[in-house]
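Going in written order, the chains are labelled A, B, C and D, and every chain counts its residues from 1.
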């Protein structure tokens, strides 16, 4: 019985992560580059490192209303340790919350594979994919947002990707999809921040299976701030919500 | 390196829990008695078994407003598997939510030890404890409730404990505390359901360290129902709360 | 903004779950019947109630080696509250651990729908399904076990289902599958405990989406016992495993 | 019913965190500085920012054997989404795993308050504290390590703290404690990495209640890498450990 790992070698007074001594990484390699190293196995180029840093910051927080913030603050309110409450927020990161990065990246990566095999342009591919999704009534993830019509994070991320020469096929396909969706729906359905990250990490060569990881690694910072704010500013078990409840179950009755 | 456990022996085609073959337990010993067996090491008397069953039912659910229900439903709303969402609710069971059973049981068990050592009556002991808590500004847990002034679950549990001849020193001390608190505060501060369970499990000989376990083992049933209702009746990422937000952090400013 | 729920109505001094006053349920209706009520909306027949009880006991514990026990005990070892550690174990209940109940129940329920539509016998249907799964290289879940060749829990559950007149189409299809798989594979691949529960809850009319819930609601009792044993019998951060580690990542190197 | 927060203001197309527009932070302010902003309310000086970055990297990973890695990988092995498995590891961050940062920081911060009030030197204060802990049989946290006698991370962090002019009273007290403990115990009991971080964040002016947050925010990167490695390199429900089990519960017996 043996555990094989490519992540860290631990010996007395000696810690080596992905080949690098931890004391060399500490304070010399920026933390977001170290995260890149952990996820990808090698240190990033200067450009990839800066993009990684930007993506993490783009995920930090969206106020008190997303499921993750509510879950973290609610659990904190039960009177538990900080990590327990932060973890509760992370549990809510799922197909419907942060999940569009994973699904969007898979969609784009499959799209590009197909596009290259069939020698199509991004525009042609986008047309095919939008048509297909319409016929199969499948929602394409990464477009539209419940709050923002022109998300400042998306613009900033795409402009950085251009500036850093990271923008490639996946971003191109993503933008072609946006145009095609507008034509098909008759209204703008802009790439959202999840969709932007999906396209950028795909152009950076990341496996779509890591999609939720980027969101998680940025959002955990905001969740920690929320839990700390809850624990230091509010009373335990405070009344958090005005929820008007309606019970529509069976009428009151006697047990048989 | 060896793991020693008193819980279950597993061999091919042979599972023995606390000495009993699982196939003998299944369908012959009621599940709440099996829980008692798991926590205490032996099967309960008929009376203890029935009390255990009643305690678990007394903890099943308190509607959609406690932290555990909100956490479970919110996390479910992120689009995750049922067990992930149920676990999120369990995480909120802490010192402020369900925690009065543990703290209340410790308080009563320490009180009885002291009472027996010093040869005092429950009334005398209660007087001392209420006085002490006043002087040290320590809240005594298990009395008063944010919603109920006369909790039907409490009444039912105490009446069962009497009927089943389980009521002993800890319940007596608990009731003496209630009378003493009323005198001291000038208003009724009734034993709540957590306090009732704390007293009853203490009279049943349970370790106070298991206090949160009783709440958890009953409540997990309600949380499962909430997650299932959320997953089958509501849309993912639904707007759950009308939360009027006020941002009172620093004014908007430019980065340096 | 309103929350609508069919589970529990909460008013001051008045708690009504699925129509029944909680004080009437407590100590009068067995806890496993109350779980049934929570999941299904109505109280079970005597037979369904007893079957429910048996299923929960069949899931209580499988010793220290399954992912859920290891996760719960490991997390407990970090020095956290009991519910945090129990929840960690529940998180591991997934497609590969307890998940065969959900997938198996869906498989059988789809199979029966198809069988009834096409007027086939269980034997004919089983033949079609095994052939299909072979052609599509899809594993059929609920058959075979990593430890048990003749699981005593399975036998007991099926014999109870017969005794209680619960066994119907889904169990029949499940047994036909077992025979067909043996013919097709040339060796016995017996229905495992997950598969048995999948068939039985399907014959009881439960939605397959609740598959993992049955496992969870039984196993949480065992996990609580494991966490309590860890917290009272072992030291925090104890060395739990002899894990021989092999680091096969990049050779030690200098940072650029 | 209103939620008041100092963290993030969310308006359509406008996200302001601690006063700064998110699009200004993204790609301009390093992510570790943004974490500092989230936890402390303002951006760090260049020196504090670099120290923050170094602390996070110092916490990233300690191989496959700590409770958090085992919990994350074990839960992943149950076949669940990546965030669920990462969260399980975070749950294990408790008083015994990463907890010495919180307790150590509280100890040092209380020590400095007392030292300043009584006008003592670090050496005098250390002598008093070690004597006290001996008399009360209280373990002082943050000294000694189960694997490392001279932890390379500790050395690196302290040398950076010096270089960046962050080292102040708390580090001085911590080092005086180390000398005093050696005298008192007759053997070296060096400050460990948790103890070093406790001292440094105290000199940076952080509340000890955030102690576990630093560990969590660094370790979540390593846990994500572990879960990804488990999900892409190993089979679900793989046999992870050679655990020799010994059942020492009651002898096998019949149910009554």
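Just so it is clear, a residue touches a chain if its C-beta (ideal position, glycine included) is under 8 Å from a C-beta of that chain, and two chains touch if they have at least 3 such contacts.
Nothing here was measured: the structure is a model prediction, and the numbers come from that model.
Among the other chains, the CA centroid farthest from that of chain B is the one of A.
Counting the residue numbers used at the interface between chain B and chain C, over half appear in both copies, so the two copies meet with largely the same residues. In this assembly, the C-alpha centroid of chain B lies 24 Å from the C-alpha centroid of chain C.
Distance between chain centres (mean CA atoms), chain C to chain D: 36 Å.
Separation between the centroids of chain B and chain D, computed from CA atoms only, is 31 Å. Shown for chain C are the residues that touch two or more other chains, namely 1, 3-10, 21, 25, 29, 63-65, 80-81, 83-84, 87-88, 91, 93-94, 98, 239-243, 245. Taken together, the touching pairs cover every possible pairing of the chains. By the touch criterion stated above, chain B contacts chain C in their complex at residues 1, 3-10, 12-15, 17, 21-23, 25-27, 29-32, 34-35, 38-39, 50-51, 53-54, 56-58, 60-65, 81-84, 86-88, 90-91, 93-94, 98, 147-153, 155-157, 160, 207, 209-210, 212-213, 216-218, 220-222, 224-226, 228-229, 231-233, 239-242. Put simply, chain B touches chain D in their complex at residues 1-10, 16, 18-21, 24-25, 28-29, 41-43, 80-81, 83-84, 91, 242-256.
Within the complex formed with chain B, the residues of chain A that make contact are 63-65, 67-68, 70-71, 74-75, 77-80, 84-85, 87-88, 91-99, 146, 236-237, 239-243, 245.
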